[in-house]
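The data blocks that follow each hold one structure.
Common to both upcoming complexes is subunit A, partnered first by subunit B, then by subunit C.
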Partner chain A sequence: MPKRLLGLLLVLPALAVIAFLFILPLIMSAVGAFQVEEAFGWGNFIKTFDLYTKDIIFTVVIVSLSTVLIGIASIAIGGYLTLGEHPVAVAILRWLYRWPMFIPFIVVGQILRTFLSKNGMMNNTFINLGLLTPLDAVSFLDWRGIVIAFVWKQTPFVALLVAGAMASINRDTIEAARNLGASRLRLLVEIVVPQVAMTLTVGLILSFVTMMSVLSVPLMINAQSPTMLTADIAFRVNSYGDYGVANALGLISLVLAGSVAWIYLRASLKERA
Partner chain B sequence: MTAARNPARRNPLAALWWVPRGIIFGLMAFFIFGPLFNLVLWTVAEKWYFPYSLPLEYGFSSWAKVFAPRGGAMQSLTNSLVVALLTVVVSLVLAIPAGYALARLKLPFRGLILLAFLIPQAFPNLTVYVNIARIFYEIRLNGTIPGVVLVHVSHGLVYAVWIATAAFSAIDAELELAARNIGAGAMRTFMDVTLPLAAPGLMASAVFVFLESLDEFTGSYFVGAPDVNMLPLLLYTTAAGGNYQIASITALLLLVPSLVFMLIVERFLKADVLSRVGH
Partner chain C sequence: MERDGFLELRGVASHYGATQVLTDIDLSIAKGEFVALLGSSGCGKTTLLRLLAGFISPSAGEVKVRHRDVTHLPPDKRGMALVFQSYALWPHMTVAQNIGYGLKLKGVARAEIANRVAAMQSLLGLDGLEARKPQALSGGQRQRVALGRALAVDPEILLLDEPLSNLDARIRLTVRHELRALQKRLGITAIHVTHDREEAMVMADRIVILNAGKIAQAGTPEDVYNRPASAFVAAFMGAENVILLNGTLEDDDFSIAAGTANVAGNVPLAGRPLASGPVEARFRPEAARLFEAGEIAVIGPGITFRGEVAAVSYPGGHWRHVVRLGQTEIMADGTQAFEPGTRVGVFVPAEALFLFKSPEAASVSPISRASSGKVHA
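This part shows the complex of A and B:
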């Protein structure tokens, strides 16, 4: 028994940090969302939906679209790393895809802001190659810029997880299907992806939550209306000191992230039943 | 190599596959390295405006401005480094005992405790930082270095605790037993046997925490600004002010440690530790 007590004592300081610096403020934000001048009520939510319904939809659409694109890209990368037949091509891809993973979001915002602007390097390159005329060049610094930034930064992370899971699949089933004449695309869709579905879902949910809480990318790339909920929360606090509406917005993004996790939990429970 | 194993020799047309491969890899390389190359160009651009696709003059005057002894950038750089180093120290002081207990001692609710450290990564954290700023304002921690360090610790603790736990459980318990058998006390065994063996794993967790702290924007934005200026905040304000040279140099300063670490991470995180993370 004293050994157990000692163990708890050793863990306690670290747990206390999480409790006081994360769980307590989280509860405060949930309570604060319902607080209107010392009384409880729905006032903050009425105001929030009045002002920010458009931004809520914008956020959901942007993050969902990014999640789908990240999923497709990481399956493609993982699939090629697993099923690709040419060792040199596989090695090139393995070297190439990981670079954006450790680049901080704020830096991603800055470099894509200069790259994707109307006179940025992307448009300039296409114009110099004759693929685009200067008159047709448009800035991508709107919802598309945010999606590109999210996909750019998060794909390597999910692809790394997915490729790792794919590498540990039993090769025999793949070889058997290949011998029966299945094309590589069919192998990927019907045999490989179903076996890594769990890992893929976990990676995508973690990405979803991360994208829901990134402030720097919307601030750097597109801070005009409509924008993402994170930028609205920062604006509400910094410009108005309005913690009620900020907490209501926070609770809404929490519910959105939670519902995605809930879908995953239900699916995994069904699988086990 | 036999002909059957080499697709290029099996089918002379297989070389044609390099056309679609080349196009796809080329596009990927353009979209991955293009923005990075653009960033490097901005750091040495003296004059660059529409409609020129490359800078008109190159030079290092912006670098001189950033590293000028009285420039605001030096202040941010120092703050960022001090906060990151303190965050590492505090995280390790908390994580080493916790990791040892989670790896070696029989703990009730061990799985739940491990999961608890993941909470800060698993919830949208912006609203949490807003409320931490309110608490810190009450207890006068807002706008101070210790305040920012505490926020970064709460966020980085998952790496510190999970990797430390994995590092301790990868050590052979027999070695500790041997030390105890020849008369070393529990503390002596831990300091002389366990800790040195776990050092590479702990080193990796320290680097993870250091990078998390260096790159953290949201918490510093609410708790630190405007009194404690950090590199990510400097990047944001200079970019918002349209000073792309200073913003790009700041971005490069944040970028290089991350890339270096990506290239060497496998050296610190050995497979036997990596496979135990989260277990």
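This part shows the complex of A and C:
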């Protein structure tokens, strides 16, 4: 018995940290979402859907689109690192692609703000190259800017996971397909990607959840409506002290993130069965 | 069999970085022939197979199929299919998808693929397993799926990279015969890489023994077993007993002078390129005949050694003796056991005694060390 107690004692600090700093605040927020002036009710949610339905859809669309683009980009990077036959190009890509991972979201927002604006570097370059007249230049500082920021920042992370998984698959399975005449693209799509599907899914889900919680990028790049839920939550709390609606928005974010995790859990259970 | 020209290698060489892996490989393989590439690990046999398959380009020389130069063609344009040592089945595809993938790549119609896959399954005894994933198959079944995948595209040449090495010892014996029977039935040309001497012997029409990236000998199993071209081949084919002898050339005979451990003997030259002077003699333990020192030696061409039994063990079927002959030890099998310490004679008949021009006297010694280790195993 004392041995068992000792074991419990050892995990207790960790358990306490999780309970008091994570689970308890979560429960309090969840409960708070249903509290309207000391009574329980749906008031906060009614208000949330009245004011922010567009933003919820906006968030889901932006994050989903970004996830898809991140998936495509990271498969392309991982695929080239695995199947590329030009050693110098592979080495350069291997060295380059991870850099955005070490740049904080706020800095990404800052960089892209100056890059994507109407008079930003991108448009200036296009104008100087004669591809664009100054009159046709438009600012990308809207939903497109957010998607670009997310994809730019999150692709290296997913690509890192995917490239690692691709490097560890049995090379013979690739050569067996080459032996039968598979082209490079078919090798990637039909042989390599299916074998790293689980890793890719995990990376994309982690990215999805990360993007759901980014505040700086929508604030920096998209200072207009509709915007993302994180900006709305910050606004409710900072401008109105309205914790009820903020909690409701938070809970909705949690449900969105949770549903993705659920899809992953189901897929992984099916894989094991 | 069109001996010349079906699959030909001319002066093929390959290097990996600064290391020369293959040097000057010349080989001509007939249609329908089963050739085993035999060698210890690192001898270049897998490199040679991958070079044939088109995964690596030779640094020199050319590979021809039916007089057509395929040296720089991509893997799928050579009419060859490779069966990998790891099988390399695609884990996300079912058995049927694995077997049919090559046909799908060739743009064969779906119904036709289904027919060919079903035919391949019944040929290989995989009926009813089409919906299984590779993880749900036994080792033997996986091996057959890998074979089916290679055969489905109807290759002219089947390349086998140690396909049996991952199987249980017992299954391996039956698969050897199945594979060989299948190859004969389909009339397909097969090149089989292995490090297993017995496997090569029972499966192949011809054995090509590789040593340090060069062909040490190529011939029928009987040839390489009974007429090894070099001391390396003799040792690789089991003649691990090695002794240095002195002899002189006398017409068609090679007469061996009496030494510290052997009495004088005479063996027919039989076309061997020997010169008077020191020679390296090799023989298999099972070729030796043991008798007590007092007995009269067996009459016939050959050579008799005299020594003392150092150890005896029973590996099954016969008694294996370690016999000390002066400085060296040899192994000799006998139907009866001689106690350690017994003075014995060891007779090796001429046809089982392999003589080679002696290299440096010093470079011969390591064999006896290896053999004494085996006795205690």
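FYI, the second predicted complex is superposed on the first by the 260 of 273 C-alpha atoms of A that agree within 3 Å, B and C clash if a C-alpha of one lies under 4 Å from a C-alpha of the other, contacts with A are read in each partner's own complex, and residues count from 1 in each chain.
Quick note on the criterion: contacts are C-beta pairs under 8 Å (C-beta built on N, C-alpha and C of every residue); 3 or more make two chains touch, one makes a residue touch a chain.
As the structure is a computational prediction, the values presented were derived from the model and not from experiment.
A.B. asks: Report for A:61: first if it touches subunit B alone, second if subunit C alone, otherwise both or neither.
C.D. replies: Neither partner.
A.B. asks: Just to be sure I read the superposition right, which of the two partners does A:72 touch: subunit B = first, subunit C = second, or both, or neither?
C.D. replies: neither
A.B. asks: Identify the partner contact of A:182: answer first if only subunit B is touched, second if only subunit C is, both if each is, neither if none is.
C.D. replies: It touches subunit C, and subunit B stays clear.
A.B. asks: Just to be sure I read the superposition right, which of the two partners does A:267 touch: subunit B = first, subunit C = second, or both, or neither?
C.D. replies: neither
A.B. asks: Quick check for you: in the superposed arrangement, does A:131 touch first (subunit B), second (subunit C), both or neither?
C.D. replies: neither
A.B. asks: Which one hits more subunit A residues, subunit B or subunit C?
C.D. replies: Touched residues of subunit A are more numerous for B.
A.B. asks: Give one of first, second, both or neither to describe whether A:51 is in contact with subunit B, with subunit C, with both, or with none.
C.D. replies: Neither partner.
A.B. asks: Given the touch rule stated above, what does A:191 touch, subunit B (first), subunit C (second), both, or neither?
C.D. replies: second
A.B. asks: Between subunit B (first) and subunit C (second), which does A:172 come into contact with in this model arrangement: first, second, both, or neither?
C.D. replies: After superposing on A, A:172 lies in contact with subunit C but is clear of subunit B.
A.B. asks: What is the shared patch of subunit A, the residues that subunit B and subunit C both contact?
C.D. replies: On subunit A, no residue contacts both subunit B in one structure and subunit C in the other.
A.B. asks: Using the touch definition from the top, list the residues of subunit A that touch subunit C in their complex.
C.D. replies: By the definition above, subunit A touches subunit C via 170, 172-173, 175-182, 186, 190-191, 194-195, 197.
A.B. asks: Considering only the defined contacts, which subunit A positions touch subunit B in the complex?
C.D. replies: Touching subunit B: residues 3-4, 6-8, 10-11, 13-15, 17-18, 21-26, 28-29, 32, 85-86, 89, 92-93, 96-107, 109-115, 119-122, 124-125, 127-128, 134, 152, 206, 209, 212-216, 219-220, 230, 233-234, 237, 243, 246-247, 249-251, 253-254, 257, 261 of subunit A.
A.B. asks: For the complex, which residues does subunit C have touching subunit A?
C.D. replies: Subunit C reaches subunit A through residues 53-55, 74-77, 80-82, 84-93, 101-102, 105-106, 149, 153.
A.B. asks: Quick check: in the complex, which residue numbers of subunit B touch subunit A?
C.D. replies: Listed in rising order, the residues of subunit B that touch subunit A are 7-8, 17, 21, 25, 28-39, 42, 50-51, 53, 94-95, 97-98, 100-102, 105-108, 113, 116-117, 119-132, 134-135, 150-151, 153-154, 157, 161, 211, 214-215, 217-218, 221-222, 232, 235-236, 239, 244, 247-248, 251, 254-255, 258-259, 261-262.
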